[in-house]
Amino acid sequence: MAAEIKIAQLVTKADYKSDQVVKWCAGCGDFAILSAVQSALAESQVRKEDVVFVSGIGCSSRFPYYINTYGFHGLHGRGAAIASGIKIANPKLDVWHITGDGDSMAIGGNHFIHLVRRNIDMNVILFNNKIYGLTKGQYSPTTPRGSITKSSPDGTIENPFKPGELVMGAQGTFFARVVDTEPKRMKEVFLEASKHRGTSVVEVLQNCVIFNNRIHNEITGKEVRDDHQIHLEHGKPMIFGKEKNKGLVLRDSRLDVVTIGKNGITEKDILIHDAHNPDDTTHYMLVRMTLPEYPVATGVIRFCECTGTYNAELELQIEKAKANPEVKSLQELIEKNSFLVE
Amino acid sequence: MLKKPNKVIEVDAVVVKFAGDSGDGMQLSGSQFSDTSAFAGNDLATFPDFPSEIRAPQGTVAGVSGFQLHIGHKEVDTPGDLADVLIALNPAALKANMKWVKNGATIIIDIDNFDNKYYKKAGYIEDPLGDGTVDGYNVVKAPISQLSKSTVKDLGLDAKSAERTKNQFALGMLYWLFNKDLKYGEEFIENKFGSKKPLLAEANKRVLRSGYNYAETVEALRTTYQINPIKDRKGLFRNITGNIATSWGLIAAAERAGLELYLGSYPITPATEILQELAKMKHFGVKTFQAEDEIAGINSSIGASFAGDLAVTTTSGPGLALKGEAIGLAVITELPLVIVDVQRGGPATGLPTKPEQADLMQALFGRNGESPCVVIAASTPANCFHYAFMAGKIALEHMTPVIMLTDGYLANGSELWNIPKIKDLPEIKPPFVKDNSDYQPYERNPETLVRSWALPGQEGMRHRIGGLEKEDITGNVSHNPLNHEKMVGLREEKVQRVVNCIPELKVSGEDRGDLLVVGWGGSYGALISAVKDCQAEGKKLSLAQFNYIKPMPKNTAEVFSRFSKIIVCELNMGQFANYLRMTFPEFKYLQHNKIQGLPFMISELKEKFNQILEA
Amino acid sequence: MAAEIKIAQLVTKADYKSDQVVKWCAGCGDFAILSAVQSALAESQVRKEDVVFVSGIGCSSRFPYYINTYGFHGLHGRGAAIASGIKIANPKLDVWHITGDGDSMAIGGNHFIHLVRRNIDMNVILFNNKIYGLTKGQYSPTTPRGSITKSSPDGTIENPFKPGELVMGAQGTFFARVVDTEPKRMKEVFLEASKHRGTSVVEVLQNCVIFNNRIHNEITGKEVRDDHQIHLEHGKPMIFGKEKNKGLVLRDSRLDVVTIGKNGITEKDILIHDAHNPDDTTHYMLVRMTLPEYPVATGVIRFCECTGTYNAELELQIEKAKANPEVKSLQELIEKNSFLVE
Amino acid sequence: MLKKPNKVIEVDAVVVKFAGDSGDGMQLSGSQFSDTSAFAGNDLATFPDFPSEIRAPQGTVAGVSGFQLHIGHKEVDTPGDLADVLIALNPAALKANMKWVKNGATIIIDIDNFDNKYYKKAGYIEDPLGDGTVDGYNVVKAPISQLSKSTVKDLGLDAKSAERTKNQFALGMLYWLFNKDLKYGEEFIENKFGSKKPLLAEANKRVLRSGYNYAETVEALRTTYQINPIKDRKGLFRNITGNIATSWGLIAAAERAGLELYLGSYPITPATEILQELAKMKHFGVKTFQAEDEIAGINSSIGASFAGDLAVTTTSGPGLALKGEAIGLAVITELPLVIVDVQRGGPATGLPTKPEQADLMQALFGRNGESPCVVIAASTPANCFHYAFMAGKIALEHMTPVIMLTDGYLANGSELWNIPKIKDLPEIKPPFVKDNSDYQPYERNPETLVRSWALPGQEGMRHRIGGLEKEDITGNVSHNPLNHEKMVGLREEKVQRVVNCIPELKVSGEDRGDLLVVGWGGSYGALISAVKDCQAEGKKLSLAQFNYIKPMPKNTAEVFSRFSKIIVCELNMGQFANYLRMTFPEFKYLQHNKIQGLPFMISELKEKFNQILEA
């Protein structure tokens, strides 16, 4: 429905700036994400009154205050549940859920995987700075093993979640990864996410200058990013590298990095990215790629509409029930099995 | 049409207890006989009690499932203290219930199950029929299993299904004993199995009649009883349980508000049935979301409320504990939300299938910070409809969470309900605003202090709310000390002003007297019965039963002041008494408490009241 | 440690029977599981006082009352957290966590995935009857889409979790699946699980006679089970079928069912099961196989000790800290930065 | 060694407030000056206050971080109402703090930041130095940024680091102003940066001295102050915050019990520091488990307790709300467990960095069913050690959860602590049983009603516990009504009997009088200061500060009865007052409440007390 309501008046990015002072630390990656979201919204031409941003608690979760839409700053970890209720109550709304790695992977982990499983039509942006920002620097479920943080003075001893892997494990239909240093790609990926029907999860590798500065530098750094990132596009070969001469091939059940031109490898051998494949085995391999063996995959890794959304199916069931109601009115219902005493 | 027995005695009321194994269909036959009695114009109250296991081992006391029914020619307020008639389909059922039957009661047993093996399973050392256990009772030993099976022999049922008809045999005997028309019993079976399982329908009907016929021939049942229709009632009635009444009351509130009903819930005994009932109501636009847990349930409801539905979450005590943080969110965002807590025995998992009133303090205070919300309680199975409706009305009109307390006793118990006209129910008018108005989310109605409500999708009304303290009027985040104090005060005062929208406290009985019995919620039936009995004996006591708990009715202190003594009776350790002490410290409160996972008995209450009155 | 303490005296299955009456419904699959666990324990020769069973709430979660070990019947969904605390507090204990599909996949979902991620050394037995038993028949997160249950009168509209898939998404190191109708295999799989260091998850397809009778019959039924189940064993080819002539092969990134002897397929073409492979891509494919396209995989699908356990690593950190303490005593600690006033 | 200033005035006490941007190092310089004062023998109390954002925009009022320090020649109980000296590194710092300084106070500003741009950011319309804002104050306009930078110019620091030394410049001025020895300041820097960052250490030391020297030359600081060492104290002291004291108290309890300490927790302001501190204590065998949420935190602790550790969980209000269900589990399983709740402003997310005392009712009642546990509260930063120790001792010896309440004010505030000898602390003896004894998990010590404790791994003691109601003695699951009533009663009575192990209530002041001021927990400092002041004026009032809340000391009613009036002062809407009304309904309680996310001011309390005394 939301898509149908086109507006005459042009909505600009400025329309999406709220009157509140943005209170993130200078240099925080969150600013760039906010800006990219505002651009994406302006471009998407969705009716601005239909947009709702919902978040949990964390630095990232202050987001709704800074964007001029309907907004709900919820409870730590519970944004996904609040957003679910909003979308189910009014499926016409364009719902965005903003969350951090602590918010969605720690306390909100269960709501996150259930949201993904139910495939409720909304867009999740996961600000992954691999640290608890707002509480000042404890490790999160995505913090690399061995990291020394305020709550792990001897290094963490937990395997970090990879959000994409967990999304696959919960049967997600959309997953993308972007870095906060590339505004244009962010905006494009957000636009893709907004087009997808079902739960779309975008993981943004976000820098926390204060408590985890440069955590993503091996991926986002100017010198290394071309070699350490592979930006995936549906239908395009999986090529990367400064020289655009590296690529991925599939060998049995594993991906391998190859160099085009070496060992007889030509561009034709390189795997073509099929984001739309309902079978997510390859997506599962792609989201798990880590340095140094592999480049880190960015872009839309999975985009599939192979299963109905919870909200649409519920609407259908309600329509069907209304078309053929068991009883016509509440009065009729409560009067069933009744008897008159005179 | 059926030959009349030798002797018919007219009685005012009778209490029947059905007891057997969990799989024996005791709940079904109980409901069946309730409906029949209702159609026959009797007043009634019922209460099932079942084990917390699904089918605890056959033949053991732990596995006994029971259903108690009180039918009357006059008003009936409880399922009754003790039974006049007990149906015990096996020794365990006898063992579990002997202490709940009157002296001299009629006990109908399935003699086919009274063998050595079953005595032992039930924990009897000797044959209870021979060791004096049932001396002084009118024991009817009927070969129920055997006769049931032979009745359906030629129908080609499998052994299990044939065996399972035996509840109808026992029931048939009751129809005889109480001169009830088999027609209603048969119709019930027809509705239950009817078109889908015609063979089962036929079998059950046959066995029902077979039991009836058997009873007619048994010496011990020569005398039968007649409970005449109740006279002082008029209107359209039906038998209803608290959980169903709650569900329908919520639908009615949504309808009168012109909103859709949203339920975010997670199954938990004894609240699950509300979820199940509402899940069937999609034709009314009802949306039920079975969440992954209680926290997701309430948070999704908060979302649905933000989006403009009448949002509800239902649970029991442990679930309410999990929802505390989110209730605080609804308090600070000032969104309408109904939270139904069907109380059960605690603490922790406690006694999941037993009623208790021990969540009151939790409902009032179980959250961080100063976090006031409205608390109300239903007091009979049928008035769950009214209080669910009022919960919705108050939530929507006052932009506040409302906790509605019921309990396992109300939820599963039933009584006759005088069916209202939905269109005559009060209107519900949420404080909506028009598109493009000059909207400040925390601007308030100066009289009620209620903020106004703009919904996502409305033009020109974009705004943001959340769980951080908000600035007065604008709703922006504010850490200002004086603003915080002001907002804390406003939230409390807003809830207090709901007092103007609720009825004054009425006492049952004289306006003044020696003793005011105070109760709240589900204990009403036993309390009113006991108070009436004492009043009939000429005692000067009255009952004040609270349905509105926060805020309490305006005239509460005034009512209290008109009695020499006050006793607060509750199924907990004294939570309401303590709440009264903090709210009206000027009075002295006596207490009567019981915490056994059981409702009050009328007799114990009377004893207590008399003791105080004589002191 | 637990493994080291061997006992002289023979422990029998009877030692593991508690004095409590078992209160499941006659015919419930739980009985067989209880019996298999008792057999496995007797066979494992672990010191019986070191065994602790921890559960949440549900029919299945009554389990600890029926087994004569230390036992803790916890809160709904929280068994994993309780068990984690027990194991961390005393790593010598042999901890088993009993849970249902509602208990572990609904309310306990977050604790479940975090337990798996942390790889705390314990054995989880997930009784998957695809229904809420104890609350009398509402759908659970594993209930097949479209199922009509007490809380879904029009059929569910949610994609069910596959526990194995979720375990992979959470980086699990051990996953097995068994059916409640095969006591011997159950016992063997439980023994395997108990040998594994780290979190082992065994999903038992369990029948609830009362509320979901025959839900697994397409897998467990006598006539179909050989064709509809593939029992995996490490190092053995993936062959199944009444005639033992069907098998699985890997083609690109997908598994295919083939018939040996047809289209030139010989036993040699059949994939060999490598449960120990640290890369779980194939395991991910195996756990997701569903009827009718594939047989359902049973047996130990993944068994890998590629990452340390939380408890052992913590013990190491503590040992290290004790060997080289920053301060020697609490007295010394609190006296730091102090001054004497005389 | 340093040239003395013209005029030195001896003063009893002085309050200094450091204020600047979040990144300006105000907390650090505050601590530095505190330590120096402590070493110089002054008594002290400190309180930091920072925004809930990490680094809210530079130069804005929202971004101001402050640190208040009260140092005295006599006993000092609070960080002080108003400041004698304010350091304001920018206009926002001035704006945020002008209402918290005394008339005529000295205000040291970094004039380099007082330009048009910064006035505006701070929300000033005109230059506050010119518009009368600071008229009547002793304003010292120092070019702090500029001089700091030039001091370190030749060290080759990056610009940011150079800029960041400015807090030391301001601090150096204070050292001059209060005649403090720079040696301690330099040592502090050495400890902080020392070997790891020698360049930073050097830079900071230089700037500190540079500030000192600058002050010496400024006209406005001709007069300096001397706060002499406190006399009536002896022993080993250190400066300590409540969170650190809590952490160490828990370690001490584990040590005295011979157990390992286990903490299952989830970070939340203002409790996180306890987790962080204990995570560093692996050499004492301390295990910290950073759980996925608060629920996992407490449940893992319950597991650890079952396994035999001294188990603890730490949180703040919203987290306590989430733990309610699990606390009930600890209650019914009767396992030792310490729950620390560092209270903050509510409801919901509320005011996360501000103190409040509004979780009392939640601690007492925030659970389903009748679910009693022990509740205690620390009342000063340093005595958090003692009450954490006692929480552990009571939990272990009485097999019960103990909720310990502190708040953001105690947690982050500091004072001098008289360091105890660990080996002289009381012994802790949990009710362990020997292997192969005749163990019944719910058999009780007849005197204390405490059950005994067998640990997994013990031979011959296998048993099972859980959240369903348990049978007396055996601990088997039981649905028996009378057993339930008995167990509910036993659990309550067990908690009540803890009264025999806690000290009697002592009042500060005369035993009887016109007014008893009642407080609990963290408000002690302000209350005792105000009460002492009034006493000094000859008023007949005393203070009763509660640390033991459930149960309350035995002699409570007796103490109350000796005063004509009672006033209960709390940073909430009256929760303790209400709790007293339900527990001792025979007394009348006046109330003084404040709910601004701020501690009481001594002046407001005195005014209130005088008002009542004169009424």
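We call the chains A, B, C and D, going by the order they appear; numbering starts again at 1 in every chain.
Definition applied: a contact is a pair of C-beta atoms (placed from the backbone, for glycine too) under 8 Å apart; a residue touches a chain by one contact, two chains touch by 3 or more.
Just so you know, these numbers come straight off a predicted model, no measurement behind them.
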Contact-richer chain pair (by C-beta pairs counted) among A-B and A-D: A-B
Chain A and chain B, separation of their C-alpha mean positions in angstrom: 44
For chain B paired with chain D, centre-to-centre distance based on mean C-alpha positions, whole Å: 46
Whole-Å separation of chain centres (CA-atom averages), chain B against chain C: 40
Of all residues in chain B, the ones touching two or more other chains: 52, 62, 280, 282, 292-293, 295, 318, 325, 329, 333, 348-349, 466-468
Shared interface positions of chain A, touching two or more other chains: 57, 73, 75, 107, 109-110, 114, 141, 154, 314, 317, 320-321
Chain contact topology (line, ring, star, complete or other): complete
Complex interface listing, chain A residues touching chain D: 21-26, 57, 59, 62, 73, 75-77, 106-107, 109, 132-136, 138-139, 141, 150-154, 210-211
Chain C contact footprint on chain A (complex, rising order): 107, 109-110, 113-114, 117-119, 141, 154-155, 157-162, 165-171, 250, 252-254, 279, 281-282, 284-285, 307-308, 310, 313-314, 317, 320-321
Of all residues in chain B, those that touch chain C in their complex: 52-58, 60, 62-63, 266-269, 272, 275-276, 279-280, 282, 288, 290, 292-294, 318, 348-349
Chain A-facing residues of chain B, complex: 35, 38-39, 41, 229-230, 233-239, 248, 251-252, 255, 260, 262, 264, 280, 282-285, 287, 289, 291-293, 295-297, 299-309, 311, 325-326, 329, 333, 419-423, 455-468, 476-477
Complex interface listing, chain B residues touching chain D: 51-52, 62, 295, 316-318, 320-322, 324-325, 328-329, 331-333, 343, 345-354, 356, 358-359, 361-362, 364-371, 466-469, 479, 481-482, 484-485, 488, 491-492, 572-573, 578-579, 581-582, 585, 588-589, 594-598
